[in-house]
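Each structure below is given as C-alpha cells.
Both of the next two complexes hold subunit A, though its partner changes from subunit B to subunit C.
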Partner chain A sequence: MRVHSFSAILFAGVLSLFASVASAQAPVRGGTLTIALPTEPTQLNSAIDTTQQVKIVAGKIFSGLVKYDLNMKLQPDLATSWAVSKDGLKITFNLRKGVKWHDGKPFTSADVAFSVMKAFGQYNGLVRAVFANVERVDTPDANTAVFIMKQPAAAIMNALPVATATILPAHIYDNTDVRQNPANQKPIGTGPFRFVEWQRGSSIVLERNPDYFEKGKPYLDRIVFRVIPDTQSRGAALEAGEVDMIYHSTAAASDARRLGALPNIELTTYGYIFDSTVCFVEVNNEHPILGKAEVRRALAYAIDRKFVLDNIWFGFGTPANTPIHNALKQAAAGAVPQYAYNLAQAEKLLDEAGYKRGADGVRFKLNIDFVPFGDQYSRMAQYVRQQLTQIGVQAEVRNTDFPGWIRRIWTTHDWDLNMSAITNASDPSIGVQRAYWSKNIVPGTPFTNGTHFKNAEVDKLFEQVAVEQNATKRKAQFASLQKILATELPVLPLVSIDQFTLVNKRVQNHSTLADGVYSGYSDVWIKAAK
Partner chain B sequence: MRDVIYRLFRSPAALIGMALLLLVAIMAASASVFYPQGPFNLVGQPLAWPGKLPGLPFGTDSLGRDVVAGILHGSRVSLLIGLAATVAALALGIAIGAPSGYFGGWVDDVLMRITDAFQTIPPFLLAIVIIVIVRPSVATIIFAIAAISWPAVARLVRAEFLKLREAEFVASCRLIGMSDARIIFTQILPNAMAPIVVSASIMVASAILTESALSFLGLGDPNAISWGSMVGMGRSDFRTAWYLVAIPGTAIVLTVLGLNLLGDGLNDALNTRLHRRRAGA
Partner chain C sequence: MAVNPPGRATGRTRYILRRLGQALAVLVIVVVLQFFLLHLAPGDIADVIAGEVQASDPQFIAKLRADFGLDQSLLVQLGLFAWHILQLDFGNSHAFNVPVIQIIAERLPATLLLMTTAIGSAFVVGSMLGMAAAMKVGRWPDVVISVLALLFYATPAFLAGIALILIFSVHLNWLPMTGMATTWVTHTSWSYFVDVVKHLVMPMTALSLFYVAIYTRLMRASMLEVMNLDYVRTARAKGLRPLRIMWRHMARNAFLPVFTMLGLQVGSLLGGAILIETVFGWPGIGRLAFEGVFRRDVPLVMGILFLSSVLVLSVSLLIDLLYTKLDPRITMR
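Moving on to the complex of A and B:
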C-alpha cells in the first residue's frame, strides 16, 4: 500500500515535470483555429457594435491602443507608451511606427483621432459615455495622439482595448456613414489577421497578416469562425474535434462540466474580466408595491442565491451581494447588507409592510418577465415564481420575444419583475452606472435605467467615481455606492457569473489577456498532434 | 351503430389504442389527487436520476421538480389542447365546408378561396406567427392550432357534402319542403360523420404534436407544464440527464400512437364496404 502511494507520488511528480516542460514549449507556426459562433454577426465593425460575436471576430482583425494582461497591467498595442497628466486632462499616446493597414496604407495618428471622435466615441453603446469626456484629439505628428479631456474620465484606460475602442482606418471611413460603410462587411484593420471571406450562414475566414507589427507573429495560418446556432450541436462539434473553441458560455452550462472533463478539452473561466456579468431580478421601482424598499428586501430573502448558482448556472460564478461583479477589483464591495435565504423573514417583512395574506393565502400578484436568451433566464423565472408562491405572492411568467421584451421593459414600462443580466464591462463607470443613474432613464433605449430607480446619493457617487483619479478614494466611493445599492435593492443581485470557454487542449495561449477571446490572438498557437 | 362498436372492440389495434388513451385519461384525472400542489414544487435535489431519491420514481428536473408530477399535470395540458383545438377546428371546418359543398356556386367559390389562402401558408409557421403576435398561453395555443387545422376539415366536409347532396334521400327531403339548414344538420351531416370522426382522432394527435413542437421552441405557456415543454426544458441537459427528454417523449409517443391506432380502428369499423368485402372473402 505504502509502496503504491509512493510510486503514485513519484508518477505524479514525473507527470507534472512533463507538464511544465510541455507548457514551456516554444510556439509552433501554422495551423487553423476553428471557433464556433452561436449566432451570425450582422457586420464586423466592433467600434459601432458591442455584441460578442462581432467583438470576437473584429478583435482579430483590428487593434486597440493598449491591451490589459490578466493582472490588469497595461500592455502596448498600437500605442507603445502613454502618459496621463496629473490633472487627468491630457493623455499622450506614442504610436507604433511603420504599422500598415491591411490594404497597405500607413497607420497614423489621424486614424486614432478619427476613431475616437467619429467612430466609437459616437456609436459604441458601452464606451460612448466615457469618450464623451474627450474634447478633441490633437495630432502633433503622425506618431503622436493627445487626448484633450473636458473632464477626467476614470475608466478611460479600461475602455481602450480593441474590443470596445477599435481603431478604424480613417482613409476608408472618413466622410462616410460609419454605420453603413461597406468596409463593415469586409473589414480592413491593423490586427494580426486579415479578412478573407464571409460565407453567409456558414463561416467567416481570416488569414495571417504577414505584415503584422509584432515580428514573427501571429503563429496561426488561419482562423475560421463557424456559425453553429444550436447549443447541443456546438457541444457535439467540439467533442468531435470539428471546432476548437466554444466561448462566452455558449455551450449548455449543464453540459460544460462533462465536456470540460473530456481528456482533450479544457474548461477555463479566464479572459472575461472585461465582460463581467451579474445576473439579477430587476424590479420596477415605480410599481405601487415593489416601489417600497422593504418589499424588495422581503423578496430578496425569499430567493436562495446558492440554489440559483448551483442549479441554474451550474456553479459558474459566485452569489452576488451587489450589482457589481466581484472580478472588478477596482470596485470591491465592502461590508454590505446580506439577505441570507430565509422564507420566514421574507413573510415577516411583508406582514410588517402591510401586505398580509388574504383569505386565499395570496398577498398580491405580480408578472415575471425574462430576457429570452438561453435557458437560464426562463429557469430563473420558473424558480422565482415558485419561491414567491411560498411567501404568498402569486406570479405569472410571461414569455416574450426579444423585441417585445425590450419594448415592455424600456418603452411601455409595463412590467413588475424581470430576470436579466448586464455586463459590467471593464469598469462600473462603463457597465453599471447606466442602469442606476437617474439621468439615464431614457424610455425607448434598451439597457438604460429601466427600473426607474432614483436616488440622489447614488447619482452623486456615480458622477464622482467617473472622474476620480485616486484609486483608493475611488474604491471607497464604490464601497459607499454598493452599500446603498444593497440596501435599497433597485435590483436583487443573484450571481456574479463566470463566463467559460471550452477549448481543445491543442490550442495554446488562448486566455492570456484581460479581454480573452476578444483579443487579437497573435500569441495563440496550435500544438501539433502527437 | 352497435355494429360499429362491436367491430371496434374486435379490432386489436383499436383496443390497444383505447387502452393507451384510457391510461392517459386516468393520468389527467388523477393529477390533482396525487399532486394537489401542482407540478412546479421544488421537491428535492435537481437532476436526480429516476429511483435515486425515495418517492421520486422518475427523478427530478433541472430545478428539482418531480418529473412524475410534471407528466401527470402535463397530460392535462396536452389532452386539453389536443381536444379543444380539434373541436374548434371541426366546428370551423364544418361551418365552412358544409355550405360550400351543399350550395356550390359562388358560395363554394368564395369559401374555398379563403380555405386555399390558409392552405398556402405552411401550417406550423402560421402557428408560430400567431403565437409570437399574441402572448403564448393555453388559450392562444388552442386558437393557433385550430387556425392551422380547419382547412383540411373544410375540404373533407365539402367533398362529403358534394357527394351526398345528390343522394336520393336528400332529394326527397327537398321535395317535402325541408329547410336547407335542417337538411344540412339533420340529414347530410350525420351521414358524413364517418370520415370526420376518423380524421378527428388523427387531428387530436397532430394537435398534441404541434403543441409539443411549439413548447419545445420555447413558445409554450410558461405557466403550464406540458409534455412538449418538458422535452424542451430537458433538452439542454440531454447528455447528462437524458431521462428528462425520454420520459415525456415516451408519453407523447404512446398518446399519439393510441390516437392513431384508434383512428385506424374507427376507419375499419366505419368503412362498411371494407367490412362487407372482408365478410365476403
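Moving on to the complex of A and C:
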C-alpha cells in the first residue's frame, strides 16, 4: 500500500478507510452516485484531452487495456493478459472476448490499433511522446493486438490505464477528425456506464451498462455529475448531501479537515498515484544572478518547506527534496542534499556568491509569478516574497490569468521566480523528464523545460530511464538523477502534494485503484441508509 | 435598412428608426472593441488547452493554432469574424467544438429566467418598501426599511448567496442549492415547474437584494419629492382618500426615475448574474462568458457579447417607448 507520512489529523480519515474495508459487507445493487464537477468538461473524449474533468467522466464510459491497483500491480481491463518481449520491442495483448460497444457493435483488436496509432498516439498531449515509440500495432486476429516498438519505452505500461490511453471505437472514429467527431459530445464506450444526457452548464448523467463485460457489475444504477463552479458551494453541497463526492482537492483545503471530520463524510488521499504532483519554486536558469547554482541553493535555505506544507497546503503532502513525487516508488530518491531552513546560511551563501547587501540592505531585485489556480500558489508567492525580504532580496509578486501566465513563462520568458507544480503523471518519464531535459526547451509550448535548465548528465540519465527495461537499474538511474537535480536546483522543490477526495460514507470502494476517481467505478456501491 | 417615405413617417417611427441606427453603430463599435480587447489579453486558446492537459508537445500546439485559424493575422481574423456575423453565423466555439449559437441557445433561457424574476421581484418589492417608508417617513417603519435597504445595498450578492445556502440548504435542508432542475428524474410539467421554482428562489433572492435596496431608496426619495407638490395638495384638498392619492397621483409620477434606473440596470444585472450563476451552479450565460474569457474562446465570447449588446440595446429602447405611455407629456423626437 502507498506509504505516507500522514499527519495526525489525517490519521482519522485513514482509520475510517480501513474500517470500511474491514467491514467488507456484500455490495448492494442500485442507487445514484452524485459527483461534483468544479469545471465543466468541453467534451468527453479522454483519449485526446486529459483534463481532470474529462477523465473523471470518460473513465466511467470507456475502458483501457489494463488497470493498476493500489499496490501498483497490473490488473486486466480490456486486455486479459499481456507479454513484453525481453528486448522491450514487442508487447502482446490478449483481448477480452465478447465485449460490446454501447451501440452493440463488437470490440476488436482493430479498435486498439486505431486508438494507439490515430487517437491518443496522435492527440494526447501527455502520453503522445511515449506512444511515439510504437511503430505499428499488428492485429493477427480480432482478440490479439501486438505493439511493435521502434525502441523500448519503459513508461508504456504505466500509460495504458483508461485515464490516459482511452480505447475508442474505430467504427465511429476512423476516417474522421478525431477532435471534431460528434461522438465526443455523446461518447460510446465499452465501460461500466453508458452516456445518457448532458445538460450543458448543470449536469451529465450516466446509467448502468447492462452488457458490461464484468458480469454482475456495475452495482450503481446511475452516476450524476453536477457542475458546481464555486468552491464554497461545493463544500456546502457535500455537507447538505446534495453531492456524494468532491474529488482532486477541489474543496477549499482550509475547509477540508472540517468537512472530513463530519460524521457522514470521509476524507481520503488514496487514488492519486497517477496524478502525483509536486509543487515548487521554478527558477529562470538564464537569469544573470539566478543562473548560478550557489544562489539557487541560498534561496532554498531561506524557504521553510514545513511552513509551506502546514500553513498553505494544510498538511496535505510531505516536504519535497526532489521534483519527483515520493508516491512513485519506481523512482524513489536515495540520499540527496538537504536544505534545512536556515536564513543565516542563506545570507552567508549570497555573500560568498558576491551579492552583498547594498547601502539600503538590498542585494538584488526579483519578480515572482504564480500559476493562477486555487489560492495556494498566490499564498506561496506572498510567503516566498516575505522570506526573500529577510535575506535582502527584494521581490514583487505579479498577478496574471492562466493564458497570460503561460505566455509569460514559456513564450516571452520574461520571469524570475515562478510558483508552480506539474503532475508527474504515472511515471517520471512521462511527467518529469519534460521539465528538465535540455532537448525539450521549446519556447511557446507550456510545461516543457521552461527554466531552460541544461545539464548533460541529467539529459543522459533521462534518456536512459526512458528505455531501461530492468527495474532495479532504472531505480538506480533515478537516484543519481535526483541527486543532481537536488544539487543543481533548477527548481526549488517544496511539497509532494497529496490530493484528497471528500466522500459521503455511504459510498463504498471508491479509491481501490491507482487512478482512483478516474477509474471505471464498476466496483463502487452505495450502502443503504440505516 | 428600409426607410419610410419622408412624408408618411410619423414622429414615433422616425424616432425608432434613428434609435435603431444608433444601436447599430453602437453594436459595430462594441464588436470591434471587444475583438481587440480580447486579443490584447496575452495567451490564446491553444495555450489554454495545452496548459490544461499539461501537454508538452509543440506539434500538438501548432496543430491546434492552425485548426482555430489563430495562425492568421489579426485583421484577417477580424474580417472573417465580421463577415460571418453579417450572415448571422457565429461560428464554432473553440473549446466546446459545437456551434456558438447552439451553446447560447442552451444557456440563455436560464439567465433570462433568473434576470427577469430577479429584476421583477426587486422592482415590486423595492417600490412597495419605498412607498411604505415614504408614507411613514421618520417613524419606525421608515427606519427599519432604510436600515434593511442599507444592509442589502452593502451585501455583495455572492455573500448573500452563500449565506442563503448555509441557512436554507445546509441547516434547514429546505431548498436545493445548485443547478436549475433535478434533471435525472422524469418530470410531469407541474412537478418540473415546482422543481425549477425551488431551485430559483435562492439565486433570485440573492441577485435581487441589491436592486431591492436601490429601488427602495429611489422610490422613497422620489415619493417624498412628489408628496409636497401642488397637485398632491390639491388632491388632498379635494378630499380624496389617502390611498387613492398615493396610487393615482403620487406613485405614478414617482415611478419615472425608478423606471429609468430599471432600463439602465439590465446591463449591470447581466454582470451580477455571473457571480450568482457561479455560486449556485446556475447553468446560465454569464458563467459561460466568464469561462469563455478565461479559455480565450474568442468566437464564444464574441457571440455572447454581441447578443448581450443586442439585448441591452433593445431593452433600453423598449423602456424609452414605455415612457411615453407612463407620462404622456414626454414626446419622441
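Note that the second predicted complex is superposed on the first by the 508 of 530 C-alpha atoms of A that agree within 3 Å, B and C clash if a C-alpha of one lies under 4 Å from a C-alpha of the other, contacts with A are read in each partner's own complex, and residues count from 1 in each chain.
Simple rule for what comes next: contacts are C-beta pairs under 8 Å (C-beta built on N, C-alpha and C of every residue); 3 or more make two chains touch, one makes a residue touch a chain.
From a predicted model like this one, the values you see are computed outputs, not experimental measurements.
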Three-chain arrangement built on subunit A, subunit B and subunit C clash or fit: fit
Subunit B versus subunit C as contact partner of A:442, first or second or both or neither: second
Which superposed partner A:110 touches (first subunit B, second subunit C, both, neither): neither
Subunit B, subunit C and vertex subunit A (Cα centres) - angle in steps of 10°: 30
A:422 touches, of subunit B and subunit C: first, second, both or neither? second
Residues of subunit A touched, compared between subunit B and subunit C (which is higher): C
Touching partner for A:379 - first (subunit B), second (subunit C), both, neither: first
Which of subunit B and subunit C A:89 touches, first, second, both or neither: neither
First, second, both or neither for A:232, with subunit B first and subunit C second: both
First, second, both or neither for A:400, with subunit B first and subunit C second: both
Touched partner set for A:199, first subunit B, second subunit C, both or neither: second
Which superposed partner A:252 touches (first subunit B, second subunit C, both, neither): first
Overlay on shared chain A, then closest C-alpha pair between subunit B and subunit C (Å): 5
Those residues of subunit A which subunit B touches in one complex and subunit C touches in the other: 232, 400-401
Interfacial residue positions of subunit A with respect to subunit B in the complex: 231-232, 235, 252, 254-255, 258, 310-312, 372, 375, 378-379, 381-383, 385-386, 389, 396-401
Residues of subunit A defined as touching subunit C within the complex: 32, 39-40, 42-43, 49-51, 123-126, 128-129, 179-180, 184-185, 196-197, 199-203, 205, 222, 224, 226-230, 232-233, 236-237, 239-242, 400-408, 411, 422-423, 431, 434, 440, 442, 444-448
Subunit C residues within the subunit A interface of the complex: 41-45, 47-58, 60-61, 67, 95-98, 103, 106-107, 110, 158, 162, 165-166, 169-170, 173, 176-181, 183-184, 278-284, 287-288, 291, 294, 296
For the subunit B and subunit A complex, residues of the former touching the latter: 40-42, 46-47, 62-64, 132, 135-136, 218-223, 233, 235-241
